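Take a look at the structures listed below.
Shared chain: subunit A. Partners: subunit B in the first complex, subunit C in the second.
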Partner chain A sequence: MNVAVNVDAREDIPVWLAYGTPVFTVLAALAVSAVALVVLDVNPVAAYATMFVETLFTEFGLTETLTKAVPLILTGLAVYLPLKAGLFNIGAEGQLVAGALAGTWIGLNLSLPGLALVPLMFVAAAVAGGIWAGIPAYMRAKWDVNEIITSLLLTFVALEIQSYLLRGPMQGGTGNFPQSERFSEAATIPELVSGVHAGLLVAVCMVVVTYVLMTRTRLGFEITFVGSNDEAARQAGMSKFYVYLLVFVVGGAFAAMGGISEIAGAQGRYRAGFEPGYGFTAIPIALLGRNSAFKVLLAGLFFAVLFVGGSSMEVAFGVPAALVEIIQALVILFLITAEFFKSYRVGIDIDRGPTEAPAQPQGGDD
Partner chain B sequence: MVSFIAGLLDATVQAATVLLLAGMGELISERAGVLNLGVEGMMLVGALGGFITTVLTGSHWLGFGVGILLGMVLALVHAFLCITLKSNQVISGVMLTLLGTGLTTFFGSGWVEESIDGFPQMTLPLVGQYLVDIPVIGEAFFRSTATDYLALGLLLVVWYFLHHSNLGLEMIAVGEDPEMADTMGVSVFRLRYLAVLIGGGFAGAAGAHLSLAFSQLWVPGMTAGRGWIAVALVIFAQWRPRRMLIGAYLFGLLDALRIRSQSISLTLGPDAPLAGVVNPVVEFLMTPQIMGTYPYLATILVLAYAVIRTKSDQLAVPSALLQSYSRETD
Partner chain C sequence: MSEHTTLRMEGILKEFPGVVANDHVDLSVERGEIHGLLGENGAGKSTLMKILYGLYSQDAGDIYLDGERLDLESPQDAIAAGIGMVHQHFMLIPRLTVAENVVLGEREPATVFRRDAEDSWLPAAVRNNSLVQSLAGQFSLGLDVPEQRIQDLADEYGFDIDVSAKVWELDVGQQQRVEILKALYRDVDLLILDEPTAVLTPTEAERLFDSLERLTDEGLSIIFITHKLTEVDAIVDRVTVLREGQNVGTAEVSSVSRADLAEMMVGREVLFEIDREAVDLGDPVLRAREIRASDNRDIEALSGIDLTVRQGEIVGIAGVSGNGQKELAEVMAGIRDVTGGKLEVNGADITGAKPKTFVENGVSFVPEDRLQYGCAEDLSVMHNATMKDFRNGRFGDRPFLDYGELRDYAETLVEEFDVRGVSDVTETKAGDLSGGNLQKLILAREIYRDPELLIANQPTRGVDVGAIEFIRETLLEQRKAGTGIILISEDLDEIFDLSDRILVVYEGEFVYETTPAEADRERIGLEMTGGGGDDGGETVASPPQSGITQGSES
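The block that comes next holds the complex of A and B.
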């Protein structure tokens, strides 16, 4: 008896598979993560109920989710845009921190009316984030230095500088905590609706801008073209250098806006460790939403639910919110697994025929 | 000053071992054509697994073994996704780093307060007791932990394996031209699996050395980017074990400088010329947090230098790196 596994490329993807994949990956990730909860003696059903019910069906949960979604969507775009050009920006965290520091400095040191100060803080943040992202982009575009490693290493540099500034020149407030002075009224982002600051509007606008850029402009076409076939793009006269630099710098500016939104909208002051790794969550967000900027928005909202739910779960059951990180990673790992089954048909042939092929001698060639 | 340099060298050796172990694993994996960006996650899993095992059993060698094993478990996932399912190696690797970070923060938060009897300092067997008296370098190089000696020994093994054994040469062939290797009767899948698993084992060992010998404690996220520095180190080393040694010690020195910098003052006396200008600059550059950026900045600079200096056609990158392999079937 012979058993053979056949793997053939599918010619077209069935509809149920195309739409079922995201649902399947999320459910599979939650199911596997439940094992981690069981190990710590927590009932996973109760934990997930807290995680989702409290987040989606309470006013507090919803406002928190929308607030958390702002930096997540913006950093998601920061990874999404370079991904379209075939680059990996895994340093959105550093760009977020660099931008937040620059914006905070402006917010604390300039006295202007709020209508001028808040936009200026966003501009300062965007410039700093753009420069921070521009370094790995320039090195990649000019010398072909791997942008994955450099953008990530610059995150560690940004975090050290953050720690230096908040313990030194920018330290403020009572006590000796690594934090800045509180923002004045003018430097605080106003509320959009009760409990949700206007940073949400910025995030949604940037999603629309990115969507229009990618689908309606020549530049967006060039980005996609460079991302899918850079050699053909070069022969068509497109500048890889310019595209690489642009997607990273704009991406860095997006991440930075996410950072300053969180500081000046939700936190009220810069605290060291103010955020639980939005720039890293941005990677699964961008991968999940890589087909369209609007899908990045949806993925950002979904991960915001996870973040808020993770904190509720931490409070209610005393389990570390790091479960959210496990879920995030598993979602993408299952997604790439599912992609294989989407593009290949796997069949098992069982041949019960009496004739058994003689074993081929190893290494024998015909 | 002499004691400062001796202490610095001592810390350099221990820090270099982390990078040497992780870097060797990455080198083997990449030589077979599979980029592993999950090193950081595999190191963390190895560090925590080794630490917990040592707390529970009291045996740091058992802990070291468990660390290696857990690194290999995570590597098996990477191998399955990248080799069998032909997934994108970058995505799989980055997600495994995220997974390793999440898992170790989740399960490791209760172990932060624990203390262990980690690897003790010992003189190198046979010759160590005579050489340890050499001024300045004696203590650093001939009184270390067993894992430091192990890493240097393994470097020789890896060098011999890759460049002088049949299996190693086949592995390199698989990373350069999988079609050709397949035609010659070499199993591309089997060798790539083997390389990725060995790589994961080395990453787990690097993590276990970090928690059991280097710092002898567990803190979530304690690898602090060393896994990524190891990936950069492979490029710096041009995929050759010998240059790996130089790179690991170079970066180990920077890591050590940050830890030891508080005990030394480089500021000029108040009467020296230019003291008013130089001293604030020196003080700024010696701030612990600013010194903390040096290993990362140096990695970026060295990486850029290595890539710029060698024209891309001379770059020793394995030709089939990042390419999945499927056999043409009729």
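The block that comes next holds the complex of A and C.
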């Protein structure tokens, strides 16, 4: 038997493939995760049914999903916007933490009525997140320092600062846990509908703002151009420096709003390790939704379903929480693989007919 | 059909959505001839050749090579049948040596996987497994290349190439010969060259022609895609002309005139002589004094350039490429920093200002490299058509942008400048346009804003006769409208036909100034290569350096 593997570049990408990729990616990730479920002696069909039915068709599930979606959508935008200008913001996590810390500090230390305090917390968070994102952006724009590395490393700096503050100056509440004092009523983000806090409104607004920015404004035109060919953009009088700085700072502000929403809307106090890496999950969200801000919204909701559904599955079937991370990881891996299959066609020829004998007769395995 | 016929393509039909790229095209090539394939950009030359090379499959029609019907599904099939192609853009890996590049596509497995390897640590049983062989062929690479065979091949055809040199060390002409070697190494009988001279200097082109003649002496057949009539005269034996996807005729080159060919190509009479009306010169739009600038490697490329351009004046800048033209154009367009000197546009000193200031002061720029600076190939025609003017108030109030207006504007440009191949300005990407049409789009964008100063660097390089005529006429019209134009070109005819004043640039300085009426071509050729001496014009500051052939024309 002769087996031949062929890898050819595609001339053009068929339409079904271009649009189907995200769907196939997710389905493939779920299919492969089913293997892990079977190994754990769980029926994958029942598990996935629980996962999606519990989250999408119960009030509790929907509330949880929408609440989780807020930081995911906002951090997703934080990666999406720089991506449009050709940059990779891997540090949304750090920007989220920086913003959450600044917002929390305002919320705990200023006594104002809620209508003034909550917006002020958002502004403080946005400023802190913007500054945190502005550092790698400035270094990239000015000295061409790789923003992937700097934004990622700054995340660890932010996490260390968080750790210090919550064990030191900002530590509060009973016991000696790394957490802050509880927020007052005024500093808590009010409820929007049945258990979902108003941060959702902020997230949706920011999606709309980003959409309008990218598709209706001059700035969006410049961002698109710089992201596509920065040399041509420069020739046309657009400023790469300005665009790079802007997308990162605005992105950082988005991530920071996601952070303070989660703290002041869902958690009620700042706990170290309050969130399971939204800023990193934001990367596949932005990649899945890279064609439009509304797709980022959808991708954010999808990952929220995965998070919440994963927890339901955990409770109902006793599977480890890590499984959700496995599914997420598989989505990312399949996403990257899908890019390859979009551009290349792979064929395997198996020829079972009488073969020309290979050079050495003792091949044995034919 | 003579008995010498090696290739026959019959009734080739290829349709793309909305376009018939090849409309039942016949083509026959004889053994040992150089067969020209002539046509405007978008005439279907490339499509036809891509079908022949297995990159596209035809919707109808047959291909026969030496009487045998071919079914080509991929370039591998084409190569196996003895058809090779050298693309306009080289497919070489600069970091690797010539020999490595030549064997690369052959997927020679690494030594350990070779069936006949003697000292492989892999057991023969594993090596002989067909799956292992297949995977090794795909994913490993034997770098112990048969260098000697390639060197012999190079020597046989008189290519002066050291096969162990890295490709990045070679000049463009040599790189092209490496591409040809790649095909020869695969034993092709028919070689397709896609506009091979587009990237070459005239001297390099001469050398290429010599090499090609040696190849045909050895019995190879060559299909030479071009849109330059001079090349058809120089090297081609027979020529087939395509127009709008159809074969308009095949002819012996010796029996047709250049004008006939041009008419076949364009479908109407082409004016080689352009009427240049006299235009009264106005105030200076550009005043550059003592401009100095460095190139990308920080070596001084402009050493004190003085240049004044007046309204309605075309200043032609002639020179051998690499003497500072690129830097000059970029400095004038505001995208390269000067290291000294002063630049005034319309009386305003904008030395050292941002590119945006140049744009706002009415400076337009047609860059030499269309894809690098001229456009964003992944963005739509609309984006590219409006990349300079999108700030204009007509496209809505700040900060918003009226995409409907942008679209209308782009459609106007496409229509008025006859940019072909655009089905929808918001859908068609700039990178999908052919070279000539993309150039028209860029020119349209730069001219429609009615600039004070236009810098055109090689505006007609790599575009077809019809587009060249159009671009030249557009430049002349713009001159009439009072724009000052700097025309940088390696094509002396172009400089002579269009310019009011000619400056010769050599090693970053203007060494000679003249007008087309008084100019003496020999003298200009001499000055371009640094052999001008010091009578008349400005003097050459330093003696010509070695490496530049002094006075090669004389």
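Keep this in mind: the second predicted complex is superposed on the first by the 314 of 366 C-alpha atoms of A that agree within 3 Å, B and C clash if a C-alpha of one lies under 4 Å from a C-alpha of the other, contacts with A are read in each partner's own complex, and residues count from 1 in each chain.
Going forward, a contact is a pair of C-beta atoms (placed from the backbone, for glycine too) under 8 Å apart; a residue touches a chain by one contact, two chains touch by 3 or more.
Here the structure is a predicted model, which means the values were calculated and not measured.
In the superposed model, A:Glu191 makes contact with neither subunit B nor subunit C. When the two structures are aligned on the shared chain, A:Phe221 is found in touch with subunit C, with no touch to subunit B.
In the superposed model, A:Ile336 makes contact with subunit B only, not with subunit C. Which of subunit B and subunit C touches more residues of subunit A: that partner is B. After overlaying the two complexes on the shared chain, residue contacts for A:Ile326 are found with subunit B alone; subunit C is out of touch. Contacts of A:Pro284 after superposition on the shared chain: subunit B is touched, whereas subunit C is not. Of the two partner chains, subunit C is the only one touched by A:Ser239; subunit B is not. For the contact definition in use here, the residues of subunit A common to its subunit B contact set and its subunit C contact set are 362-365. Listed in rising order, the residues of subunit A touching subunit B in the complex are 36, 39-40, 88, 90, 139, 143-146, 148-150, 152-154, 156-157, 160-161, 163-164, 167-168, 280, 283-284, 287, 319-320, 322-330, 332-333, 336-337, 339-340, 362-365.
Residue ranges of subunit A in contact with subunit C, taken from their complex: 1-8, 11, 215-221, 224-225, 228-229, 231-239, 355, 358-360, 362-366. For subunit C in complex with subunit A, the residues that touch the partner chain are 55-56, 74, 115-116, 124-125, 128-131, 133-135, 138, 333, 335, 354-360, 365, 367, 372-379, 383, 386-388, 390-391, 395, 398-401, 403.
Touching subunit A in their complex are the following residues of subunit B: 37, 77, 81, 85-88, 90-92, 94-96, 98-99, 101-103, 105-107, 109, 183, 185, 220, 224-225, 228-229, 231-232, 235, 287, 289-290, 292-293, 296-297, 299-300, 303-304, 307-308, 312.
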